[in-house]
Every structure is written in structure tokens, then in C-alpha cells.
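By letter and in written order, the chains are A, B, C, D, E and F; residue numbering begins at 1 in each of them.
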Amino acid sequence: MEPLSNRKKNVAQKEMTLSERMYLPAIAQGLGITLKHFFKKKATINYPEETRQRSEIWRGLHVLKRDENGAERCTACGLCAVACPAEAITMTAGERKAGEEHLYREEKYAVTYEVNMLRCIFCGLCEEACPKAAIFLQDDKLAPARYERDEFIYGKDRLVEPLKTTETK
Amino acid sequence: MTESLFFFFASLTLLCAVMVVIAKNPVYSVIFLILTFFTISAHYILLNAQFLAAVNIIVYAGAIMVLFLFVLMFINTGKNVQGTVKGSIISKIAGAVAGGLLFVVVVAALKDVTLGHPDPATYNSQVGMVENLGKVLFTKYMLPFQLVAVLFLVSMVGAVMIGKREAGEQNF
Amino acid sequence: MELTNENVLGKLIAQFGEENIVDAYNPDGIMTFTTNRENIIALIQYLYDDKDLQVQFLTTMAGIHFPDHKGREMCMMYQLHSLRHNFRLRIKVFVPAEDPVLPTLTNIYATANWMEREAYDFYGFIFTGHPNLIRILNIEEMEYHPMLKQYPLEDQTREDKIDTYFGR
Amino acid sequence: MDSVLLIYKGIYILAIFGISLLIATYSTYFERKIAAFIQDRVGPNRAGPFGLLQPLADAGKLFFKEEFIPARANKVLFILGPGIAMLVAAMSSAVIPFGDTLILGETTFDLIAIDVNIGVLYIFGVVSLGVYGLMIGGWASNNKFSLLGAIRAASQNISYELAMGLSLIAVLMLSGSLSLKVIAEQQAGFNWNIWYQPLGFLIFLICAFAETNRTPFDLPESEAELIGGYHTEYSSMKLGMYLFAEYINIFVASAVMATLYFGAYNFPFMENLRNAFDDPVLGNNVVTILGVGVMFAKIFAFIFFFMWVRWTLPRFRYDQLMKLGWNILIPLAILNILLTGGGILLYDYFTKG
Amino acid sequence: MATDNKTADTDQLQEFRDNRDLKLQDKKNENLTTLNLGPTHPATHGIFQNILQMDGEVIMDAVPTIGYIHRAFEKIAERRPFYQITPLTDRMNYCSSPINNMGYHMTVEKLLGIEIPKRAQYIRVIMMELARISDHLICNSILGVDSGAFTGFLYVMQEREHIYDIYEEVCGARLTTNMGRIGGMERDLSPKALHLIGEFLKRFPKVWAEFEKMLTRNRIFIDRTVGVGAISAERALNYGFTGPNLRAAGVDYDVRVMNPYSSYEDFEFEIPVGEKGDTYDRFLVRNEEVWQSLKIIEQAYKNLPEGSYHADAPHYYLPPKQEVYTSMEALIYHFKIVMGEIDAPKGEVYHSVEGGNGELGFYLISDGGRTPYRLHFRRPCFIYYQAYTEMIKGGQLADAILTLSSLNVIAGELDA
Amino acid sequence: MQIKTQNFRNMSDTNKDINMVEAPEGHSGAGFFATSFEKVIGLARANSLWPLPFATSCCGIEFMATMGSTYDISRFGSERPSFSPRQADILLVMGTIAKKMGPVVKQVYEQMAEPRWVVAVGACATSGGIFDSYSVLQGIDRVVPVDVYVPGCPPRPEQILDGLMRVQDLAKNESLRRRHSPEYQALLASYNIK
């Protein structure tokens, strides 16, 4: 077929030369390459003892952030649930009562907030959708493997960032 | 010791040979045939003919029977062959008659054979060894040996011709 | 010949008549027009054989379901491409939902085989003359054509979801 | 045969059997490690220090895995298959001289299990039987992939046996003996057969790869095509026996190559070393023990080579494999015989007049 | 033709089934073995089934079955807002998801009429070419694996890890990248990402040359692949082949050149073509394409223009987070976009990109709602696999496996 | 090369157990021997888990990375992928399982020899993930019992290795006779297997 463009470059096969026909030179060459690698430094990372550096924007396990005073940022607007293509987020909203200002930043808050980690595809759309900087996908944590299905419904107890005081424990 | 071994191997040989005939599954037949070759090789070893023993195993058990088995496997693919050969009564009778005749002929031929007993004084136990065998083959039996070689060559050429007949087809 | 949407359309109308080439427009630079199932194969064959056009590449075929268009609910879209002239065109055929029968394109394009099977699988189009019109992606025991708009997407057995949150 | 020698032979045979098993076991480990190192990985390192207990873990697991006989398989043959493979593989190390003589007190011990005068033929015969294990096992599984594997194994082994035998004949012409012990003794010092038989060795090497079903000739079990080939349906220790048999075969093939072409237990300047000792018995024993070490070093080198090649080359296709065997190797082997014969004649002509 | 859809359907179906059974009956030759290749055969690298009729090792006929991972992409796409479809495209050809992502984004941008700044286009080009490299890398090294040479695969997989590092730095994921947004990228290339790309450009050519050295001129490999699974240019076009598999047959059709998108017209590169369209040609073409991709990345990396990484389209492109927290207007846009209430115009668009495997097309019909009315994917693998039967007939089992891996049929794309 | 593994430590622990069996009578009984023997076999199994990579889609590509040099699953003794179900110890289901594929998964599971474990890798295999559609099985635990779930879409190789280590934990602590236990039989029966 005549060319459709002027950028054609034929890479088609060349005839084998005599030395190529004899198998051995190419085999020796291949053996040389593998032997070179035999003595090379190994690329393996000894997980779990060593962990590989992940990028700072890696989309790992979710966290519900607190603000600088330790109050929960989430205001249960539901945008993350709408944005979730896997429909993995569910929540129920509640009104903040008097005296709870140190717990919840806004007047509305999420009474329950559940992420189904099995459904979740870690696409980051919830993080992008959140207008309150409440939900983030951490780069330093991965969702661990577990034995039971129920253990993957992450409620607020596992999602909300621990308070600074508990962190020091 | 040697005698008891001989009887052991002889009976085993006969048993295996009978099993070759009566086994229903052709694959079993082949396996018994292989066993038969082994026991025959054992006889060779009893006769101090180690070379023959080894060659018998290499050629018959190691190569020819592999081909037998190979072909059987090909034929048997997927189908559960029960091995019952359905022949007419006539063929059965014919088989029996032919077998009987052969038996009679063998008996008649061997009736008067006197089994030679080697003289212990002159008997050379090394007669079955490779060196002696080679010497005999290349001196006394030179012509038959060459003829056999030619025969082999002819049969090989014939086999190649048969194998080549299906032109343009990829075959094994 | 420089292929432009206009002169190709003119050529086709001259060949097949105005009543068979309707609704021509360029939504995205690709000429789109509608024809009917009586002419579709002849049209594509003509495009294939014509020395000037050389439209010899079937890019894709897609079924579309418009439940609101009465009498022409089912649409089949053929997108063709002339590699020689880098010219694309899109042909649509509308058929009623009760009678989603179209002639097969497999005699011209081998690639149409599976595309038609896919359209059959998804929408229930029936292609007369197709060598092997059976479901391709779904299990054969399936009783409906899932891409039709009236059927739900979701797996009906899912338990871990509360619909009220998702705005749908 | 006196009783001391008989007991010695018994112990020796057991020892050789044990060593074969041990080497086969650890071959799996080395295979994994070598593969890993070639591929820039570290390989097994969790089971024991450096992963040294890995073969034991595998064996333990395989022993306690469920025995499984497919419903439509031929039960007798299905069990027989791996047994034959294992037995035949283990039998072949009997005639290999792992060392020279060891003199303890009055008695002289030959470091060879059975010194038959047809050692080469024995090896050859036993190796040719090895294919039955694969064939019977593959056929009995009643699985098409297994059957294809079995068929491939059979035709491959038969074809390559021919070239192997022909390449051997050249060595036999040089040595004039079928006994491995004699062949080993002839290569004293640095007078190895490889110097006279480079082409023959190459052919033998290629055939050894084919006979042990190693890449590039691993068609009977090629994973990408036949899943597991003849052992697709095998689980548990029966699979283990097949894998074992393969590694024992590699060990034996390496030993045979070392014996036939690389001077067996001989090493350069061994005579000088032997004479350096005042006590001839001590000298002999030291050289013998060193020789055993040298022999095993050669064997390990070959085993390494087997693995090195496996992780480098692509495999052949069935018809190409056959073509290589019949159209290239066998003519080459015959040519090699002719060359060797001519060489011997010329040598005789010039030396003996 | 019967008017009742259902009965017509079932009658027709029954007739076709009968026909098919008859055909199979004919083929039930005594000498033929039926071999079921798949759906979990190791060499299928994904899931599809082939029932082979074999005469010994030679394949006489094959009946392919697909749909084992049919996931109903097109149906799901009709139920999701535009921006939520990007994660779906990730999972189509998962070896080169950025190309899918960006192809889809470009399609929607075409519908919405958004013009993308040069910088964003160049970033897209870099990402797409990296994706092409990783795609071809897998395909060619898997060809090695299936022919028994496992090691080269692991050598190039290490390089793929470096490509993944770059992805990770750009979008935060390794494989299902969900990269970019409608209207540009979600963030600019970070200095670290730029550094990683530079490193990659330096290191990769050596690795790739080594990989080529291991296989390209090895006679065992040449014998295994030359003449295997060949398809002529005419048949290939009739089957709708595109991409490397068509180019291997000698047709220099490349969407990047024929219908340039995302500034591909700015770059200097060649279209490698083969002659016979066999497995070896496909291998060579992919090898060369990797070099060409490297060339493109190098050019884009050197001439990366300054400017914004996204279009100035507040109706469609999410405002920066900081503004959402502070400005009311941005918050409103933010809500509207996330809820999917963007004003998509009515219309239909077809846009195609040169995917890792060939022309990857998106045919989008919008009725102005929050979701596409219809989104059809032109999936190259779906088209290739159709020709597979024809390509392997008369070959051996081993050929069939190499042909399959050299076609690079990816089940996720095949079944959609 | 530096080895700092806990498994190694465990290994020597069990060696102690074995030694203790040979301790004077009165301290050990048959039951004790049985447990330590079980432990040894458990350890052996844990360090020799041959996977059957049932890779259908994206997660399969990440499994390739797991097998690759950087992550190297062989460190756990699991680099020998057994594509024949008879020889495999763990079934790694990676990727979407469509309803058309469901019976195949079950068949493969049935063909596996005991002991067998199933790991569902990735969102699709565990729950269907984003593919909540008419054609996708919503989690393979509807057809076969799953031992370990690995979330992620696809999981990083680290997570796959994590799942493998969970299986190792299971294997170490499992009774040799798990297969005969009524609970296990009931579990299989609930899936209508055998």
C-alpha cells in the first residue's frame, strides 16, 4: 500500500546473517547480558521491613481532617458521596448542639460517615469534591488486607484524624 | 543362586508375555511388553552378555516401545477404548488354528534339539563382552553385518519416503 | 479530488436520491446524515467501490436507543473513514423498536461481524444475513438487551448501598 | 566379594542416592536464587537464613497437600508415572565415578557404585527410559494438555537420544571403552576430552538440555502453552516427584558431561600433588578427596549453566525443535564421528608409522 | 419479519444456534482434538476463551468466546456525570490508562468547545507517550515470556516502575491514573516529576537497547515469530485494524499524524511500519515506536511552554481549592461541577486518539443532561481479537499463543 | 545481603518445639507432638504458597509488578505461579469477575487441592468496585469462600504482599485437619461445593 503520510519508516525484518543462523553468537550475547545482571545491585525493596517512597500526592487511605482547634471539618454536605463513582461513601448529617463547638467546626456535621473500602477505588474524586478540606487521601497509609468483609466499612472511629493529644500516646 | 534367578526371570517373562496378549487396554499391553523386554535383558545379564542387555533396553524398551506408546496415545485421544476387539467367530477359529499350527511347528522343530552344555574347561565367560562381540562381528560375520546395515539403510530411506508423502503438511 | 463534506454529500445525493439521504449536518466536523435500511448496504458498498472516495475503513458501529422518538426508536450509527483522503463520515439508520431489523454489513467489512453481534447483544438489533448472530458479551441465557434505556444498570443484588445519597 | 566391600557398596549407594536427592532438593533453591539474581531480585529469603529452608518448606507443603486423582484418570498409571520418573532418575547416578580410589588400611575403595564395563550404555539406557514416566503420567491424566505434553516429551526425547548417542560414539572411539571409570582415568591431569571433542561436547550439551526438558527445550511443560504439560493434573508429592526427577536428571546430566568431557575427578597437576606427599597412601587419598571436590565443582558449574541458560533463552517451537534435532544435530554428530575417525587414523599413521 | 420483537428474537436465535451446532458437527472429524484454551489459560493474560480444533499440534479451527469480563462500561457511562467517567476509562486499557483518560477528556472538551493551553497539551503528550511506552513494554516483554524468555520481562518491568513513579508524581496513582480533568490537568508538573522524567529519558534507552539485544536478533526468537500470525494489509484493513498491528502490515496509519490532537503536529517523529504483518513485524514496530515515543517525550520535555496547566473555563473546570474555601462564586461553581450540573451543549462528537493499541475512539452523544446520553467506545482490542481465528488457522499451538500476545489484546478493553 | 525477618525467628522457635518433643517423658505427650508438628507444617505451607494468578484485569498488571524485581514476591517463596489449579495453594483472584466468569472461578476453586486459600484482590473481586452493573458479580465471595480481602483499585504491590502475608498467618495457625472440621464442611456446603 502506498504511504498515507511522509513519515513512514520501514523497520521490517532483515535477513539473518550467517552468524545469526548459527544460534550461538546471539545466545552467548544473551548469556552475557544475564550474567552481567547476576552481579548487579538488586532492585528489590524488602517490604515489609523497608517501604518504598511514595509520592506526596499518593491516593491512599482516607482521613477526615480536624481543623487547628481539633474540631472536625466535615459538614456533611454530601458532595463527596455524590462525586464518588463507586458509591462507597454514606453519611448521615446532624445538627450541632450547643457546647459541641470544639468538636465540630460547622453547624452541621456528619453523625455517621462510612467509607466502604472494598468499593472504594481511590480515585480521589471525593478529596477533589470536598469544599471544606475535610476528607483527604493520605499518602503514608494504605488500606490493609483483612479477613472479614465487615471490617472494611470504615466508620468515623477509623476515619477521623486522631486528636493531637492521643497522637502522643 | 543363578538358577533360581533364571527361573524367577523366566516365569516373569512368560507371565508378562501372556499379559501382553490378554490385557484389555492396549497401553497396558505395551507396558507389559516393556516389562518383558526387561526380563529378557535380565536373562542376558545372567548370561554375562551385558552389552546385549543394555542394547536390548535402549533399542526396544527405550525407543521402539516409546513409539508404540506414542502412537497408541494418539489413537486413544479422548476416547475411552475398552479394548474389546470384536471379531467374527471365523476369525477367532482361524486365529486358534493358526496359533495351534505355530505351536506344533515350534514343538516339532525343538523336539530333537540337544541343549549344548558348555565345557567348563574351555568356556570363556567374556564371550558376551563388547570387545569380543565387536571382534566377531567385524571379522567372522563381516558380510552379514554389512548386509544388515544395507537393509537398515534401505528401510530408513523407505521410512523417509513414506513420511514425506504428505507434501506441504506439517507433521510430527 | 479534494473531499469536502459538501461535495461528498452532493455525490451521494446524486447517486441515491434526496429522499434517501436526509438530515445531513456536521456536528463535529464529521459529516453525518441519515438513510434508511433499504439503502444502507448499497450506500456503503458504493462508498467502498468508488475510485474517488475510497471509503474503505469501518471505524465503528454503535446502536443508540431513543425511546422518545416514536416509530424510530432504534438508531444504528456507522462511522466510516477514507484513509486515503483522511475523510470521515457518519451514517445513521433509524428503525422502529418493534422491528429492529437491518441488513448485515459483514459481506463488505469483516469487522462488522462482532460489532453487529455486539449491537444485537446490547440493543436487540437483528441483522439479516449475519453468519452467527448470537450474544457476544453477555451470557446467552440473558433475557433482555441491557443497553435499552428502560433496563436498569445496577446489579439488583447489591446490598451495601443507600440510593438516597447519590442524587440518582 | 567380601563382606566389607559389600557393606561399603551398600553405604556408598545410599550415600550417592542421598547426595542426589540433596542436590536435587537444593537445585530448586539454587534455581530460584539464580533466577532471582539474574533478574535483579533477591529470591527467597524468608524461610531460614538466606531462605535456605525454602526447599524443606516446599517439600513439607507438598507432602501434606491433598492427594488428588482426577475422576477420569487411569488410577494405576497415574500413580505409576511419577514413580517411574523418580526411580529412573535416581538409578542413573550408579555408574558415575565420583572419585578415584580411596585407600583405607588394607582395602581399596572405588568411589563408584557399580563399575560395569558398559557404563555409558547403562546411562544411555536408563535415560531413555526416563521418558516413560512423563508419557505414562501425561497420558493417564486424561487431560489434553497433559497428553500433548506427554507426546511432545516422547518425540523430543527419542529424537535427541539419537544425536546424543552419535555424539557419544566419538568419545567412545577415543577412549576405546564403554566404562565410565576407564574414560575418567584416561583423562588424567588436564588431558580432558573436551580438547579433542569440542563439537561433540556441544552436541551432547544441547541434547542434555533436550533430555532434561530444560529451556530452550522445555516444550513438554511449557507454561505458556500447556499450563504444566504432563504434570498439569498432578498435585502434592506426585508433582514433587516429577520436579525432583527433573532436577536429579540435571544432576546426572551434569555429572555425565563432567565425566565424559571435563575429566571427571581429574584436575591439572594432580600427579605433582600426589608425588609431593611422602606417603603414597596419603598422597593418593588427598588427591582423591580433592578429586571428589573437583568433580562436584564441575557438576555444580554445569548445574549453574543449566539454570543460567534457562533464564536467558526463549524456547523452540515443536517443529523447529525436531528440525534442529534431525536436520542439524544428527548430521553434525555423524560428521563429528567421521572427523574423529579420520583424526585417529592420522594420529596412528604418524605415531605408529 | 415478525413484528413481535421477542419471538422474532428467539426464533432467530434458535435458528442461529442450530446452524452453529450443525457447523460444529461438520467439524467433528475423527482425527481432530478439541482443546479448550482458556478462559484461565496462562497465556491469555486476561480472560477470553478459544475452543481449538487441533490436528496434532496444528490448529484447524478456532471458536472464540469473549465477554468474560464484560463490565458494561457503556451502560455505566450513561448513568454517571461526565467527570466520573474518567475512572471508567482507566480500566479499559489498563496498560496505558492516561491515553484513555485524555482521549476521553479531549472528547468532552470538543463537545464543550474548550481550548486547552499549550502547556497542558504538552504535559498530556508527555503522559500519553509514557503510557504508550509502558503499553508496548508490557506487550513486547510478554511476547518474550510466552516464548520462554522470562528475564527480559523483569528487566523492563523495572523501568515500568519508574514510569509509574512519574504517574504517581503527576496524579497520585500507579495504574488507574484518573489523570487530568476535563479542561486540562489537575495540577502542574511538580519539579520532582520533571526531574523524574529527565532521569527516565536518560536511563531508559540503555535498558530498552539491552532488551532488544536479548531478543531481536536471536535466531530462536526469529524462528518463533517470523511468519507467525501474519495478516495482509488488505485483510487487516477489512478487519478494521489500526495502530501497531496495522502498521506491522505496512499501512502507515497513525491518528497522531492523520488527525493530530493535543499538539502532536509540533513534534518530529516517524511512523514505523513492517511488511508482512507477522508477529516479528509487530514486535519490531512496537520496539521502534518506543524509540519514537522517547523522541516525542524528549521534544516535549525540552520545549515545555510556560503558561497555565488548565483551560480558563470556570463553568467546567473546578476552581482552585483555596478559592473554594474563600470565595462564594468559586464555591457555587464547585458545587455545580461536582453535582454534575454543568451546561453541556446538545450534540454528538467523535474523537479518536492513538491509543497504545490503535485508534481509540469515543463517540459521545449529549442531550444536555448531566450524563452522556450515549457514550460508545471504539475499542481496538475488540476488533483485533475478531481476526485472531483467521490468523492462527493452520499454525501451531505455540504460534497461536505468540500471536495472541503480539496482538496485545487486553481483556478489559476487549469486553468493555 | 541483610536478612531481618521475623519468619526466621519463628523458624528457630519451632525448632525449639521440635527439640522439646525429645525431652523426657512426662513433659510431652502425643497431643503436644501433634501441635508442634502442625506448626512445622503450617510454617512450611506459609513459606511455600504457590499462587494461581487468576488475573482478569487491572489488578493482574499490578500482580506483574508484585512479581517484578522491585517487589519480588519470591522472597516469600511464592514465585512459582501454578497455572494448574491442582498445584496451587492460593487462588489470587485479581480483577473483575463477570457473571459469565463466576462459574469458572468456582470450578477452578473446586479443582484446587486442599489446603487452599482464596485472596480477593482489588475492589472488583472483593465487591464489584465501581462496576455496579448487570454483568458484574458483586464480589467473588458469592461463589467461593474468601479468606483474605485486599482493598484498592488496584492495590499497590505492597498491599498484595500484605494480603499474602495475611494468608501466611492463616497458614501458620491452621490445623492440619481443617479440611475435616465440620465448620469447614459447612462453609463449603453453603457455597454448594462438593
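Here is the rule we use: a residue touches a chain if its C-beta (ideal position, glycine included) is under 8 Å from a C-beta of that chain, and two chains touch if they have at least 3 such contacts.
Note that the coordinates shown come from a computational prediction; the quantities given were computed from them, not determined experimentally.
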Of all other chains, the one whose Cα centre sits farthest from subunit C: B
Between the pairs A-D and C-F, the one where more C-beta pairs touch: A-D
Chain separated most widely from subunit A, comparing mean CA positions: B
Averaged-CA centre spacing for the pair subunit E and subunit D, given as whole angstrom: 47
For subunit C paired with subunit D, centre-to-centre distance based on mean C-alpha positions, whole Å: 64
Distance between chain centroids, defined by C-alpha means - subunit B, subunit D (Å): 29
Geometric centre distance via CA averages, subunit E-subunit B, whole Å: 62
Residue list for subunit F, restricted to those that touch at least two other chains: 5, 69-70, 72, 75, 83, 100, 127-128, 130, 132-136, 153, 156
Residues of subunit B engaged with two or more neighbouring chains: 74, 77-78, 170, 172
Residues of subunit A whose C-beta touches two or more other chains: 4, 27, 30, 33-34, 37, 42-44, 46, 82, 85, 87, 116, 119, 121-123
Subunit A - residues contacting subunit E, complex: 1, 3-5, 7-13, 16, 20-23, 26-27, 29-30, 33-34, 37, 43, 54-55, 57-59, 79, 82-83, 85, 121-125, 128-129, 131-133, 137, 139
Touching residues (chain side subunit C, partner subunit E) in the complex: 27-28, 30, 32, 56-60, 62, 64-65, 77, 79, 83, 86, 88, 90, 97-101, 109-111, 113-114, 118, 122, 124, 126, 128, 132-139, 146-147, 149, 153, 167-168
Contact set on subunit D toward subunit E in their complex: 35, 38-41, 144-145, 148, 215-216, 218, 222-227, 311-320
Contact footprint of subunit A on subunit F as seen in their complex: 4-5, 69-72, 75, 119, 123, 126-130, 132, 139, 141, 146-153, 155-159, 161-163, 165-166, 170
Subunit E to subunit D touching residues, read off their complex: 33-36, 41-43, 57, 144-151, 154-155, 158, 214-215, 218, 220-221, 223-224, 396-399, 401
